[in-house]
Each structure stands twice: as structure tokens, then as C-alpha cells.
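Below you'll find the structure I mean.
So that you can tell them apart, the chains are marked A, B, C, D, E and F in the order they are listed, and the count of residues begins at 1 in each.
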Amino acid sequence: MFFQEPELQYEVTVENPDPHFAKLLQQAIGGQEGEMRVALQYMFQAWALPEGYEEYRNLLMETAAEELGHIEMLASAVTKNLRGSPTEMGEEAQETAATAEAMTRQNPRQFLSAGESAMPVDSNGVPFTGGYIAASGNLAGDLYANVMAEATGRTLATRLWEYTDDPGMKDMLSYLIARDTMHQNQWIEALDSLEDPVPVPASFPQEQENQDVNYTFISTRRDQQPDPSYPWTQGESPDGKGQFSYAAEQPGGGEVVAPEPDSITHDEPNRSAQPDE
Amino acid sequence: MFFQEPELQYEVTVENPDPHFAKLLQQAIGGQEGEMRVALQYMFQAWALPEGYEEYRNLLMETAAEELGHIEMLASAVTKNLRGSPTEMGEEAQETAATAEAMTRQNPRQFLSAGESAMPVDSNGVPFTGGYIAASGNLAGDLYANVMAEATGRTLATRLWEYTDDPGMKDMLSYLIARDTMHQNQWIEALDSLEDPVPVPASFPQEQENQDVNYTFISTRRDQQPDPSYPWTQGESPDGKGQFSYAAEQPGGGEVVAPEPDSITHDEPNRSAQPDE
Amino acid sequence: MFFQEPELQYEVTVENPDPHFAKLLQQAIGGQEGEMRVALQYMFQAWALPEGYEEYRNLLMETAAEELGHIEMLASAVTKNLRGSPTEMGEEAQETAATAEAMTRQNPRQFLSAGESAMPVDSNGVPFTGGYIAASGNLAGDLYANVMAEATGRTLATRLWEYTDDPGMKDMLSYLIARDTMHQNQWIEALDSLEDPVPVPASFPQEQENQDVNYTFISTRRDQQPDPSYPWTQGESPDGKGQFSYAAEQPGGGEVVAPEPDSITHDEPNRSAQPDE
Amino acid sequence: MFFQEPELQYEVTVENPDPHFAKLLQQAIGGQEGEMRVALQYMFQAWALPEGYEEYRNLLMETAAEELGHIEMLASAVTKNLRGSPTEMGEEAQETAATAEAMTRQNPRQFLSAGESAMPVDSNGVPFTGGYIAASGNLAGDLYANVMAEATGRTLATRLWEYTDDPGMKDMLSYLIARDTMHQNQWIEALDSLEDPVPVPASFPQEQENQDVNYTFISTRRDQQPDPSYPWTQGESPDGKGQFSYAAEQPGGGEVVAPEPDSITHDEPNRSAQPDE
Amino acid sequence: MFFQEPELQYEVTVENPDPHFAKLLQQAIGGQEGEMRVALQYMFQAWALPEGYEEYRNLLMETAAEELGHIEMLASAVTKNLRGSPTEMGEEAQETAATAEAMTRQNPRQFLSAGESAMPVDSNGVPFTGGYIAASGNLAGDLYANVMAEATGRTLATRLWEYTDDPGMKDMLSYLIARDTMHQNQWIEALDSLEDPVPVPASFPQEQENQDVNYTFISTRRDQQPDPSYPWTQGESPDGKGQFSYAAEQPGGGEVVAPEPDSITHDEPNRSAQPDE
Amino acid sequence: MFFQEPELQYEVTVENPDPHFAKLLQQAIGGQEGEMRVALQYMFQAWALPEGYEEYRNLLMETAAEELGHIEMLASAVTKNLRGSPTEMGEEAQETAATAEAMTRQNPRQFLSAGESAMPVDSNGVPFTGGYIAASGNLAGDLYANVMAEATGRTLATRLWEYTDDPGMKDMLSYLIARDTMHQNQWIEALDSLEDPVPVPASFPQEQENQDVNYTFISTRRDQQPDPSYPWTQGESPDGKGQFSYAAEQPGGGEVVAPEPDSITHDEPNRSAQPDE
């Protein structure tokens, strides 16, 4: 159950509005690495957890609600960059068309579709999709997905931080980057709290997997190469359950010919008797 | 540069063809957790690597080419389940319509669009999308994405393994599950070979992030709760750079009102003087 | 800023679990008429509102937080229908494959991708997309979008109600249908509180639009028809600003030939001198 | 059944071609608020109507055919803005590369994919999707969808009108804005011609919905607030079937714990005995 | 400019309604090979044609309007299969839930979202997308796209014909299959009317392309193979401008290392000094 | 089974890096006409072929592996245009923000999401989709799809060639254009090697199609026109199986009224007794 207060989680100010930055911020809202993704991802993961996982469900839902607040902060940053832009604050006599042009040089839909507001799209205007959300039902898999989401999310935030000179925007991003540091750490800590999570899923009886190739690095080089002695071709595997080895050649041996389709699919063209004449 | 041989990486046989399983296998081809995703993801990650990363580029490209071969194996499994199905092997007198119906009860497009073949779609028929691919340019972020991809991929493969009783399909999946075990381990090993990767990106000057909230678990519970003493609210953080703490309350304080939009957006309805009368 | 409590907004029980219904419920979660749409739509609309619109912003955000809770209720209904299904509660001796098959006959991804959980997709497994969200920046346009969203949402809920015999599911849907009744009414009331909202946007100077066709029903029938005397071909228009009239013929007169493209686009095939010989 | 004539519904001229405007016009063709949406939406709605709805079917199909003509007008406007642009009309000696660059600064695909033509995409190049179309089978719901579509469509057209200074483009948009005025009015008039359409769907027995919350505004504020005395918390509801009331608190009480998944989903990680140590 | 009459292009009757067939028909409406694709594709192609192409523009627009009528026929076939189904015509006493279940076993959204009507989606419920439409601005390329569209469209129609036993549906499909025969022939004839269209685009100065590999079949086999003497490795090329030859080996020689990224992208993890220890 | 070598298929150099061109090149990677499409399309087509089609399977797989190498070349071209750009090579003192701005003026996600690398998206940033891939199971249909893919692909490459002045880029494109020439020719040659492929599918018994309209050009002009004597209204059809004829009028005669929906869909609004009063 959710509640809200008419207040941002952290203050958002913009000294020098910049419509171009408003466009870039969309990536952190509706992009593959954005806050809509993590907010919804953490919820769907939490809703799959049965009895005995209270601490993980709380961890997920506490964070999900925080991420909803981050979408709100970023949306506020977008309107502040779009609406207070220097272009529009120019002389009264300025043509409105010039303003409109300045707006539409960036993400045209922020002007055309949203009237200078934030949208559920990325920095190229591609709509957010549920396809970005990973929620496998398996907690260990989900926690790796969360480390990855916060890792790419923090990388995005640092690139936005590098772009902007605006003190207000740098401050907001400095806050979001810090939260991503915390979130990366909390998901890794949660992984560490599980017993022996790797390989995911841990509950599959590992003796049922093919025992010849489960710790073997198989080279796909055209010409066979000697073992390069990389950490992933020799030594103990990080799951502590095997020893890495090296194979210079893929097993091979499978037949590539498909069975005949049913005649009712009309797959069959009139094959020429002599295709090469 | 790529090469190919007309041979599957590993043998694929089907004893009891099952069109329903042919539909499920699509998830492992074109789904969010499928092989198209990892094959392409590893390539795009490799192509971003500059000088000095040869061992990682090789690791990525060697594995990418293997995953292409897995798509091929799964496509072979699909045609073998669709085309040799008991339904169609029935009496000659059987109505073709009955065959067609059996086919189309599953993924209709495997019959209608592909003539009983594999397709670049998932088990619900949703097309593969580049939006599934994570390639951030940052190697540590990418390696976490790869652990996650192999973790959800192996989970999918085990669920397919549980579904089927067919010895050929169980054997193929046992092979693929084993490869996913290897791949999870190799990506974790590669992460371990990096110095101090967390928080990602490591090169951002951490003193620039907000120092008040970068190791603090902020509760979003409606009613303030005491510190639950979870591993992520106390103790050293896994990156070794901070101490977890607990805050029962979000910072708050930000103003939620958006600036006035330009008049040329025609955002403004004729506000009633007294909306509440 | 958002908060949450580990408690559903309204109780959700399932007497006779039904995996097929679990699939149908997805439409109300991630579908075009679903709760993800309205929750996010109301937020983005609220975040665009400037000073002076407090009552509307509150209205939108209060409702958005409620809709988040509805997603949670529906996700709970999905897991309860999937996991407690009669199929799996059968004899111990039952093959697990039979269970898996029963699961995957429905939405395969609820089993394969989510481990018997809810997903951010619709009842056909198509991922939720930001393209479902309407937030134009213009409050009147947005309120019409909201009436429409609740109208199609309530229609969906009644169809789900008709489908199921389960008392718990009927009770939950009866609650959601009632909320949609309220929400339809509140958006219409909010429209009524605006001065003169139609045609949207109200702030465009109506004298700038073409005065010949702004209240004329233009027939596109192949053969000219007499005025059918429908309410939309005669009488006063509902905005009170015009009189409906009828034209049996489209204005026409525009030239359909495109300009020559630049030669650098290589649009031009070698046109035959006599295409019709 | 459809017919066509090689003539635009209304004349389209461009005095000062502008490739940037050609990009913006795409929103009105293939965007969420565009003409492809309404043309197809009205058709699918019409095709669902049974006997007794002739006047509504006619209304929908008459308008659908008109909207097809609007797509054609806008496509003509796009080629006229792209192909006759000042850049390309420059000196003979000008490098073609400069022309190409000017073209591609806008929507690159109008040049690269379409050879300076219109495309079925929006102003960011995102393809049109059937997901924009609302056709619920319920006429009242559909008519609200149509009011909304014309409201956001007219808002888009006015924003395009504000952008451009070109007399030809202003004239075309003035025509389209006028048609949207008519269409908004006709759909509202059609709604008015229905008996008692709200709440949609009207045929659901309203006594079956939960009677405690169907006219109650439920606050989701974190801290309970007194009734704000808004028009939607007191007084008669616009459907004439209830009295608005106010609840400061969500009902709550539902259990959030999901049932145990089947073991064959491998959801379960090896839970640590002491997650918090 | 478009016109319409309330009459189908060809009669559509259904003797034995079948909700499953209603689902399959969606592929011919909103699928990759469906009628929405060709109708819109032919329009966008036509709108790009400049003066001198009247006969081709007419050809495209005449056919586009016909295809719109085919969508209408198919939509009619869908409602007739859904609404008159035996299930619902059963005894009065039958539970409505049984009817609903029968409906939703097929495409759930035809029941849930559309009230037993046709939708702009394919047979898996995936929405139609503008990404299916090919309109390159180059007439020869477009005509090849049209041959291909009609070829896959006719293949789809024959598969639907094989599926159904219903005399009405077989008759409708027999009509549509015939039209696809005509349309394949007309596009090939139109290609033949162009002078020398291959390679597309014909206007590119062919001496500017690499002369070493423009008629060479380059093998990608791992192990070099002798020329297989296929029609595409020897003899004159069909464009009449070259002689096919065979190369057993790809040219190769390009450097795969990417340049260093800017430091502000934070791509660089802390590389371990000894990755292989 | 696939193999790879750390070497590009053909050398890729960039003399004057241009971030704008890096954006345009994305169209050739992840666009509708791009190399991801053809590489995957040829694979899926090959995997459907049964015994007796070895030469076609080889043709498809040989080319597929080559196209994978083209994606790699283009990805290399992208990083070389992004990372070595003049902007970043400027004075040391230059603000990093200026660099970032230059980067993000183009495809923001190449900077924000990918750290100055190539992505699986088109030139507008729209992700690659499996919906671009045509693999019908019918070889003749597939070969037409391949001619079309190479035709639009070569058109795209020539437009990129016209855009750039960079000698390295012109050289790479000259190579790719040449390969497209070869590929167009090889697919046409393969079509020619089939016996009598048109109309596709050839195996459908043509006497089952409606014999009245299978070689008739049916005009959709509003007003009946005389036979225009085009090559597609008279003379022998290119499949050699019919004579073109001309009909000035569509057959017509079909009933447009849909059957009554089930009451449980709640489609029915309260129809007004007198809609036109």
C-alpha cells in the first residue's frame, strides 16, 4: 500500500535552465538504466516472495518507494530546465516561433506532446517498456539484476554529472549518485547473506547438468589456440564447485538439417532439379 | 570476423515431438533471458574495448560466437518439435485441418508466419528487441550485466528442463545449463580480476557524491521504524569504503510545483475561479 | 515523495486457484487499460502543473498512489491463482512435468520468466509501454484521457468479473470496479470545475482556425448523400460556440504530386520511356 | 469499402521549406496524438458495432475516411518541407555533403530510410504502434477515447501552428485545427445522445460493485488530512447516482505474502539461516 | 483523398463460428504479413513520388484503397467467428463464465480489451507497428518490398485456408489469395517496366563501389572450400553487369581495437595489473 | 556452429571523426535496413530448410556470417567517429562539459548509455526488433525478402556515402555497397534457380483461388475510369499463368453489420431511442 506527500525527497533547483539537458534527463526517467525501471523492478520482485523472506521483501519495497521519489525529482528537473530556459526569458519582442524552435531542437515531444514537461520515454524519445524489467522469481538472480541496474544507473548519473555545469543539477545528481552507491552495496550485501547462491538457480541439482563442459572455457577461435592461461581457463571457479579448464575446440557433431515441414504450410518451392546449371 | 560450419555445436535430438515445447523454447531464443540477447550483448560490449583489454575482448567474443551456436541448436530443437509431432504422423486419412489446429493452438505464428520454424520472438510471440541488450561501455557494469544474463538464462533453462520428459531435450538442456554454469563463473572471475570495481563506475571521484546518504539505508515506511539491524543497515559495506547506517525518514524538503510553461504550449485551461464550489 | 506499508489496500483471497485467470489478470496490470498505465499517467500529469493548480495536483497524486496499490493487489491475485492451483495440489506421485505443462498452457512467461509470479506485461505477454500514457501538459486534455482510461479500465474489470466464479476474485473486482466508478466521476467533476474547456486547448484563439469547416460535418461517402439530420449535423454544438452544419462533399483541390527529391537520395530508378507498352 | 481520388482534401503549400518542421510534422502523422491513430481507431470501433447502431457506424466511418486524407495532407507537407529546402536550392557548387548534413540534422531516417519522404513514425522516429489505438467494443468508452484523441490531437496541432511562420503551413494547420474542433464536438454530441452513459460500462449491474467506496474519495496522504471540501469530495456525483464523500485513510488489511511457488520453478535460493548477521 | 461506402468489398460469411480462427485471422490484419502493413506501405510509397510517376502513383493508391477494404473484410470475419460461436449459442442455462472462458482461451484481448471484436494486433496479440512498413523513396526498392509483402501475405492466406473447414471462410480466403496473385504479378510487371533497376539504387555510379568484391561470392566457411560451382559463384550475374566469381576466404586485415573513450564517460574500471594471475 | 577471429573483415579507418556520422551509422547497424536484420534473417531462413536444400542453406549461412562481420565493421566505425572527434582533441583547457555537449547533441544514448560506443539501435535510437526479420519458411518468399533487404540496405549505404567526405568512411561504404550489389545478384540468381516460383507459394493449388479476380486490376477510383492501358491492366502476367484485365469497380456486396456481442462483454451502452433528436 502506498502513500505520498506533496514534497520532493530532496531539493531540486536549476540555476541555468537548459532544454538540452532536459532531454538528456529523460534517460534517467524512462530509459533502460532509468528510475522507472528500478522502481517497478523492485516491486515485481517483492511481490513474488513467500513467507520467510520478510527482510528481503522489506528491502525491495523500501527501495522501490524511494525510486518512485527519484522519478519525481527528475521530472521536476525536466520542467525546470525546459520552462525557465534563457531563450524564453529573452526580450518581449522575440518571436514565439524562435522559442518553439529552441524547444523542439531538443526532444520535440517534450514540447509537442507534453507541453514542456517530463515524459515516460528515454533521451531519444523511445517509450519506457516493461521489457526492461527483470523479475525472475529467483531471489539470487534478481539481486544480480539489481546490482547491474544500479551499476548502469550510477554510470548514467555520472555521465549526466559530467555534462552539466549547473550547480543545482550537480547537487541533485550528487545525491542520486550517492544513493546508487548505497543501493549497489545493499544488493551485494543481500547476495552475501544468501548461502551459496552461485550458480543461479542454486536449487537445481548440479549433477543433472552436463559434467564435461560446466567448468570448461570452450574457444571459438577459427584456428586452435593454446590455453591462454587466463583466470577463467585455469584454477578454482568462484563458486568453489569446480576447476576451470580449457578446450581449444567446440564439441560439434550435431546435424543441421531440419525435418520436412507439413505440406499444408506451403513451405516448398518448386525446387529446380539442377540448381547449379 | 566470423566463420561457420554446417554442424551444430552439440547434438540435438527429439524423441517425442511436442509443439507446445516448441513454443516454450522460443523464450530461450528471442526472449528477455534468451540466447539472442547474450550473443549480441557480448559483441557490443567487446566492440567498445580499447587497447589493453585484449583478454576481456577475447573472453567476450569467444563466448559470443558460442552463443550464436546456441541459438542455432535451439532453432533446430524448435523445428524438430514442430515438424515431427505425433499429430502429423497420424493416419494418412487424418484431416490436414486437425494438424493445422494442433499447430496453431500453440504459438500461431510458428505455423502461420514461419511454416513450422523457429522465430526471433519469445514464448508469447513478442519480437526480440535491442532493448534487452546491456552494453554500457563500462566493463565492470557490463560484467554484472553478464552475470545477471546468465543467471536468468540458467533459471529459464532449468524450468524448461523441468517441463520436458523428452530424453533428447533433457540432454540438450543439460548441456546448455552446464554452459551457463561456466559462463556465470567466468564473468564473476572476470569481475574479480578487476581492481576494486564497486561502486560502478569506479573512476568517478567518490568525494563528489553526497556524503550524507551514500551508505545510509533510508526507510520509506509510512510510520517511522527503529533500525531493523539488517546486514544492510549496519556494519561495513561490501565495497569496503563505508559503514552502513539507518535513517527512519527520507530527507524531503523539495518543492513540487512546476514552473509556468510558455503560453505557446497551450497548457493552460481556463481555470475556474472557485474549483471547490 | 512516496511511502509504503507492507499491507494490501484491500484484502485479496482466492478460493479456487486458476492459472488461466492469472493470465487474464495481467491485462489489468500491464495492459493498455491496466493499472500501471493510470498510476504513471496521473503522476506525469501532476508533475507538469504549475502554481495555482494545487487542488488538481493533489487530486492526481492522491489517486496515483492508490493505483500503485491496485497493481500490488492484482500482483497478489496473480501469484495466488498460479501457485495454489489444483493441478499442483494433486497427488504427490504426480509428475512435475504435468504441473509445468498446466502452468505453461497459460502465459508461458509467468512460469518460464517469472517463476509463477506477476509480470509487467498484458494478458498476451506484451510488455507494458510508456506509449500507453497520455500526459499532454494541458489539464483539460489530460482529464479527458483520465475519464477514458477509467472507462476502459472499468470495462475490463467487469469482463474479468464475468469470467470468474471465484468469490475472492469477485470481491476484489467488485472493489476495483467501485473505485473506477468513483474515478470516472471525479475526473468528470474536475472537468466540470474548469471554465469552458472545450474545444481543447481552450487558450488557442479560435478565430485563427478555419471558420468554414469548424462546425461542419463533412461526408466522405462516395456518392453524395442528403443531410441525415443527425444530432451532429444540425443544431448547436456542445461547446456552445457554433452551429453544426452538413457538407456532402470534401473540399478537395490539393495537388498530390511530391517535389523532386535531391539526387543524393538515389530515389530515382531508371524510369522506362514507355511504362505502358 | 474504400475509394480514392488523386487530390488532397485541402490544399497544402509551403513557402519556406524547413526540414526541421518536416520532422515535427511526423508527430501528427505517426505519433500518439497523430492521424494514423484516429483513422484506424475509428475504423476498428465501427467494425464492432451490431445492428441498431447505423448512425454511429456512419459517424465513425465517415470520419475515418476523412482522417486518412489528413495523413495524406501531412505527408505532402513533409515532402514539401524536406525537398524544397533553402539549403538544397543554394549554389550549384555547394557540396552535396552539406545538403545531406542539413537533412540528417533533423530526423535522420527521413533522409536515410525514406529518401526525403514522410514515414509512419513520430517526431522522434519511434514507429507508430497499434498500442495507441483504443477500441473497446463499448461505444461510450470509445467515444470518450475519441474526445481525448481529438483533444490531444488539437493541442498538438496548435503547438505546430505556434512553431511555424510559414503561411502555407499555418493555413493547413488552421484547417486541421478547425476539423479537430468539429470532431471534439461531434464525439461529445454522440456521447450526449446516449442514455446515461456514465459510469462506463453502463450495462454492468451497479449493485454488484462494492457500495462502500464507489463514491468515496480515498486520501493516500501519509498523514491523515481533513476533508478538503473539493468538488470531488462532497456533493452529488456527475453520474447522478451517488454522493461524493471523503475518507482520510485507505481501507488496508490485505496480506502481502505470496504463496510458496512450486519447487520446479527453482525460485528458492539457499536462504541463509541468519540473514542479518 | 478517400471515400467509403457501408458495404464490404466482397461478401464475408461464417457457417461454423470458431473463436480460435478469430485469433488466427488477426495475423492477416495486424501482423507482419497483414493487410494494415500493405495498405499503409503503398500509401507512404505513393506519397513520395514526384512528377512523371503518375502511373506508379495510381497503381499504388488504387491498391492501397483496396487493401483498406481487406482489413474491413477480415475484421468482419473476426467478429463473425467470435460472436456467433457454438459455445455461446448453447443452452440458456449455461454459465456465462463458461462462455467467457471459451473466449479467453484464445486471444484474451479480443474478449477483454475489445469486447469480441477485431484489433490492430497480430495472432499473438502483438500490436501492429510502423516498423513493418518499407517505403524507401526508391521506387525499385519499394516494388521489391511489395512483391515480398504479397508473397508472404499470400503464404499466410494459404495457411489460414488450410486451417479452416468453414465454407464461408474458405471462400473469403480464396478471394484474398486470388488478389495476392494479382498483386504479386502487378508489382513484378511494374519492376519490369523500369529500365535496368538492379542493383538498387540504379542511380548510384557503380564505378564508385569496390570493384574487387561486387560480383564475388566470399565464403565464410572455417576451412577453405573449393568453388562449389553454384549458379551464384560462376557465370553472368542477373543484372548483366558482372561475372560471378568465388573467394574461399574473407579479405580480413582490419584492426578490432576501439579508440580510448573520453575519461568523462567513466568507461574505465580499475584494470588489474595481472588479469591472468 | 560459429567461429571468430580478432580481425575485421575489411579495414575501417576514419580521418576526420564526426559524432554526427556516428549517429547516422546506427541505421546500418540496428535499423530496419541494417546488418543485424540481414544477419539474423538469413540464419532463421537457413534453419528452416530440410534435406535437399543444401546449396540454399549454405548460401544463406555463408552470407549470414559475413553480415555479422559487417555489424562489427560498422561498430568499429562508430567508435572511431565518436572517440577521436576533433572536439575532444582540442585544447587541454577545454571544459569537459563542452565535449559532453558535443557528444550528446547527436544520439544522446551513444554517450549516456554506451560510453561512446555502438548500440543495437537505429539512427533515431529506436531499438532493433525481431519484427524486422522476415523468415516465412517458404524459400521463394524468403528470397524476395532478401532481395528487398539488400535493395533497401544498398540504398541506405549510398545515402551514407553521399553524406560523408571522409576517405576512410567512403572506402568502407564503397566496400559495403559492392557487397550489397553481389548479394542482390545472388538472391535473384537463387530465385531464378527455382522452377516457377511465382505466385508464392507455388505449391498452393491455384485452381482453389477465386478465378474471377486473380489477374484483374480492380480500380478503387471514386468515379469509374476507362482502362488506362497500363502494363498491369492488359497483356500476359509475368507468372505466365494469366492475362491481365481491368475492372472499373470493386465487386462489393458484403454486409458490414457485426453480430451482436455477448452480453457479458458489456459492449452495449444505453442506446438512446432517438439518437438524432
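Rule of thumb we're sticking to: a residue touches a chain if its C-beta (ideal position, glycine included) is under 8 Å from a C-beta of that chain, and two chains touch if they have at least 3 such contacts.
Worth saying up front: this structure is predicted, and the values here are computed from it rather than measured.
The chains touching subunit B as well as subunit C are A, D, E, F.
Residue-numbered contact pairs of B-E overlap by over half with those of B-C, the repeat interface among B-C, C-F or A-C.
For this pair, subunit C with subunit D, the centres built from the Cα atoms lie 10 Å apart. Inter-chain spacing, taken between the CA centroids of subunit B and subunit F, is 26 Å.
Spacing of subunit B relative to subunit D, judged by their CA centroids, is 31 angstrom. Multi-chain contact residues of subunit F, defined as those touching 2 or more other chains: 1-9, 32-33, 47-48, 55, 57-58, 61-62, 65-66, 69, 72, 76, 79, 96, 100, 111, 113, 115-117, 121, 124-127, 129, 131, 136-138, 140, 152, 155, 158-159, 162, 193, 200-201, 204, 220-222, 228, 230-231, 250, 252, 254, 256, 258-261, 263-267, 275-276. The part of subunit F that touches subunit C in the complex is made up of residues 155, 158-159, 162, 222, 228-231, 264-266, 275-277. Remark: subunit B residues 20, 23-24, 27, 31-33, 122-126, 152, 155-156, 159-160, 162-165, 220-223, 250, 252, 254, 256-261, 263, 265-273, 275-276 touch subunit C in the complex.
Within the complex formed with subunit D, the residues of subunit C that make contact are 3, 5-12, 32-33, 55, 58-59, 61-63, 65-66, 69, 72-73, 76, 79-80, 82-84, 88, 96, 99-100, 103, 111, 115-117, 126, 129, 131-132, 134, 136-138, 140-141, 144-145, 147-148, 150-152, 154-155, 158, 161, 171, 174-175, 177-182, 184-186, 188-190, 192-193, 198-201, 204, 206, 208-222, 228, 230-232, 237-239, 242, 244, 250-256, 258-267.
By the touch rule above, subunit E contacts subunit C in their complex via residues 1-5, 47-53, 55-57, 95-97, 100-101, 104-105, 107-109, 111-113, 115, 121, 124-127, 136-140, 193-197, 200-204. Across the complex, subunit C meets subunit A through its residues 1-9, 30, 36, 40, 43-44, 47-48, 54, 57-58, 61-62, 64-66, 68-69, 71-72, 75-76, 79, 113-121, 127-131, 133, 135-138.
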